[in-house]
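In C-alpha cells below, several structures.
In what follows, chain A forms one complex with chain B and a second complex with chain C.
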Partner chain A sequence: MSSQNDFTFPFFYSYPPYFTLQPVKDTRDKQIALWKELILRYCRHHKVFVLDIADDSELFANSTIKRRLDTDARISILEDVVSSGSGLWLREKQRCLILWHNIPKWAEILCDWVKNNALYDEPMTLEEIVNGIESQGTEIHGVHMEILLRAVQHLEKLGRARLFQGTLDGAEGVKFFP
Partner chain B sequence: MGNLMGKPTKKGNITDADRAMLDMKTQKRKLVEYNKRLEIAIQLAREKARGLLAEKHRDRALQALKQKKFLEETTSRVDEQITQLLFTIGKIQEAQQSQQLFDVMKQSNLALKEIQSQIKVEEVERLVEDLNEARDHHDYVNQLIAEHQTVEANELAEKELEALEDVLMTERLPTVPSDRPAEPQSLPDVPTTIPTLNPDGAEALRQAAGEGVVRMEEPLPA
Partner chain C sequence: MRRRPGLQGLQQRAVEKDRKSALGEDVARNQVERVKEQLSTFRSALEEFALKHRNDIKQNPVFRAQFHQMCASLGVDPLASNKGLWAELLGIGDFYYELAVQIAEACLTTRELNGGLMDIRDVLSAVQRRRGGIAERVSKDDIMRAIDTLKGLGSGFTVIKVGSHQLLRSVPSELNTDHNILLEFAQDKGYITEKEVNENLGWPSRRFDLVMDGLLKDQVAMIDDGAPDHLRRYWFPCLSLAHGKSLNPGTEG
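Presenting the complex of A and B:
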C-alpha cells in the first residue's frame, strides 16, 4: 500500500482534541466540517466507497497519538456527510456510502466514458461496466454498484440511458443513448 | 422525414436482441466465474493427491488425480463455451449493425421514391417544352430587337458621321483666316515702289500705306 504514503493528513489529525466531539456548537460545527473534508479526500484518494462505523481504519483512529473517534462522533460526522449530499446510508448508522462526486457528477463521468468508448446503444451489464476492460484506467472501473445504479437512474430521467432486465438472474443491463 | 435526422433511439427501445445480448454477457460472466472455481478445485485436487501420496495412499492419490483430470477437461470445455459465446455476441452485434444499415437504406429509398413520385414525366416534358418555347420566343424577340437596333444603329451611325463631318468642317474653317492674313502682311510691300515718284512725301506715304494696308485688309474677307 505505497499509495497510502502519498496521502497527507491535515494538521488537526495530530491534535487529540479533534478526536472528541466538542460541546460548543460553533466549535463542533467547525470540527465536523474539517472531518467531513478529510473523509471525502481520504476516500477519494484510496478509492474507499463504503465506511463502516465499526471499522477502526486509520481514518477514524490515529495510532501515533493513540486517539480514535468514538461511535457517536463517527455517526455525527457521517450524518453531516449524508445531509450535505456527499453520502448515503447503506445501513442506517452503520455503513455509509461515500460520494466524493455527487450523483449528477458520477452520471457525467459515466456519460463521458460511454462517449469516449463509443458504447452508445450497446446493451451492457452493470457488472461489465464496473469490471470490464473498457472501463479500466477510468474512474468508472471498480465503482460501487450502488453509485453506478444511481448514476444510471439519473441519466434515465434525462432520457440518456435505459435500465432493463435480462431473463437470467442478476442480468441487469443498461443502454446509453447520445 | 424529420425523424430521420433526429434521435430515433431517444426513447430507448429495448429489443429482444438487447435482452439476448445481456443474457449472453451474463452467462459469459457466470462461465468465467465457474472456471475460476474449477481452477481452485484443480489446485486443491493436486495438493490432495500430493498429500495422499506422501502418506503412501497410492490408490486414493490416483483417485484424486482422476478427479483433477476430469476437472481440467471441464475447464477446457467451459473455455470453449466462453469463446463460443463471445463469437455469438460478436455475430449479433454485427447482425444488428447490418439490420440498422438495411433499415436506414430502406428508409432513404422510400424517401427517394417519394421525391421522385412528385415529379411526373409528362409534366417535366411539358415543362421542358414550355421552356423551349419560351427560349424560342426570347430568341425571336432578341433577333427583332437586334435587327431594329442595326437599322437604328446605322441611322445613328450615319447621323454621327455627318455630325463628325460638320465638326471637322467647322474645325477646318477657323484655319482659313489664319492663313489669309499672311498674304496681306506681304501686300504692304507693294505700294512702297509706287510712291517713289514723290520721294519727299515717301515717309508720309509709308505711314499712310500702313493705314492703307488695314483698309485694304478689311474688304478682303467680305
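Presenting the complex of A and C:
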C-alpha cells in the first residue's frame, strides 16, 4: 500500500477550532470547503474509497492536538462532499463513497485502460478488472466495486459498454466497445 | 536751557532707524542663505551617499531603515515622489509600491481565514514567500512604510496595536476597545474562555457574549468545543495561524 509518510496535512488540521463546526455561516462555509479539499486529497493519496462516519481515523481526529470532528460535523462535511458530486452515500449519513474523480472521469480512465490493453469485445468480470493482472499499476486496480459499476453504467449509456450476468457463477461481466 | 526736539534731530533719528532695520534684514537674509546653503550641502551629500550606497540601500533592509531615518531628519522623503531624483537614483518608490501590492495581496488571500486581521509578522513572511529567494530582502520597517503608501490611497489599511502584537487590518470595520481588550488578553495563548475573561477582567457574561458575537460575525474569532476541560475556547486566527503554539505539536492541552 502507499506510504503513510509523505502526506502533508494542511495548516488548519493543527488548529483546534477547525474541529468544531462554526456558528457563523461564512466561517463555516470556508471551514467545510477546507475539510472537503483535505478529504479528497487524503483519500486519493491513501486510496481510501469509503469513509465511515463512526471511524475515528486520523482524518477525522488529530491526536496531537486532541481534537476530533464530532458526528454532526462529519455528516455536514460529507453532505457537502456528496452535494458537490465528489461523494455518494452508501448508507445515508453513515458510509460515504469518496469520488476524488467523478464518475465520468473514472469512465474515461476505464476507457483508456481498455484501449491501452486492447481489451475491446473481451468479456470480463468486474472482479477481474479490479483485481486482475491487466489492471496492475493503474488507477483501475483496486478501485471500489461501486465506482467501477457506475463507471461502466455511464459507458453503457454512451453505447461503449454492456453489462451482462455471467452464466456460470452469476458474476457481473462487461464488454467494452471502441 | 533744555532744547526742544528739532526737525533735524527727528529726521536723523528716522534715518538711523532705517539703516538699522536694513542692517537687520541683511543679517537675517545672510543667515537664511547660509542655512539654505547648508541644507543643500546636506542634501547633495545625502544624494551622494545614496548613490554610493545604492546597492546596500536596495539589498540590506537594516541599512535601508537607517537611511530612511537619516532622510527623515533632513526633511527629505525618498518616497514622496516617484518622479524625482530619488526614484531615478534608487527606484525606491517602485520598490515600496510593489511591496504594497504584495501586502494587499497577502491580506486579501487570507481574509477568509482571519477576518481581515493579520499579524505584521505573518504579513512579512507571506510577502517574503511570495517574493521568493532572489528578490531583495524585506524587513518589518519596509512593510510599515509600504503600508503607509497604501494609506495614501485611502484603502483603509491600518495597523493596530494589540499588546505586543501589531495587526494589519484590511477591512474597514473598526475594532472597539472591548475587542482590543479581548485580543490583547488572548495574545499569549491564541484563545480565551469566558471563564478566564470573567475571572481576570471581571466581565459579566452579557458583555462577553456581546463582544464575542461581534468578533465571530466579523470572522475574527472561531469557537472550539473540543477542549479537554469542556470549556468553549474562542480562537483568534490573526494571533496564531502562522506563529501560534497550536502549530507546534505538544503545547496544546
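The rule we apply is simple: the second predicted complex is superposed on the first by the 173 of 178 C-alpha atoms of A that agree within 3 Å, B and C clash if a C-alpha of one lies under 4 Å from a C-alpha of the other, contacts with A are read in each partner's own complex, and residues count from 1 in each chain.
Rule of thumb we're sticking to: a contact is a pair of C-beta atoms (placed from the backbone, for glycine too) under 8 Å apart; a residue touches a chain by one contact, two chains touch by 3 or more.
Keep in mind the model is a prediction, meaning the values are calculated, not measured.
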item	value
Clash or fit, chain B versus chain C on superposed chain A	fit
Contacts of A:Gly173 with chain B and chain C, given as first, second, both or neither	first
First, second, both or neither for A:Ala161, with chain B first and chain C second	first
Which superposed partner A:Thr64 touches (first chain B, second chain C, both, neither)	second
First, second, both or neither for A:Asp121, with chain B first and chain C second	first
Cα-centre angle that chain B and chain C span when viewed from chain A, reported as a multiple of 10 degrees	100
Contacts of A:Val130 with chain B and chain C, given as first, second, both or neither	neither
Touching partner for A:Val82 - first (chain B), second (chain C), both, neither	neither
First (chain B), second (chain C), both or neither touched by A:Thr20	second
After superposition on chain A, the shortest CA separation from chain B to chain C (Å)	45
Overlapping contact positions on chain A, where the chain C interface meets the chain B interface	none
In the complex with chain A, residue positions of chain C that touch it	112-113, 191, 216-217, 219, 222-228, 233, 235, 237, 240-242, 244, 246-247, 249-250, 252-253
Complex contact set, residues of chain A against chain B	121-125, 127-128, 159, 161-162, 164-168, 170-171, 173, 175, 177-178
Complex contact set, residues of chain A against chain C	11, 14-20, 22-24, 26-27, 30, 64-68
Chain B residues within the chain A interface of the complex	7, 9-12, 14, 18-19, 21-23, 25-27, 29, 93
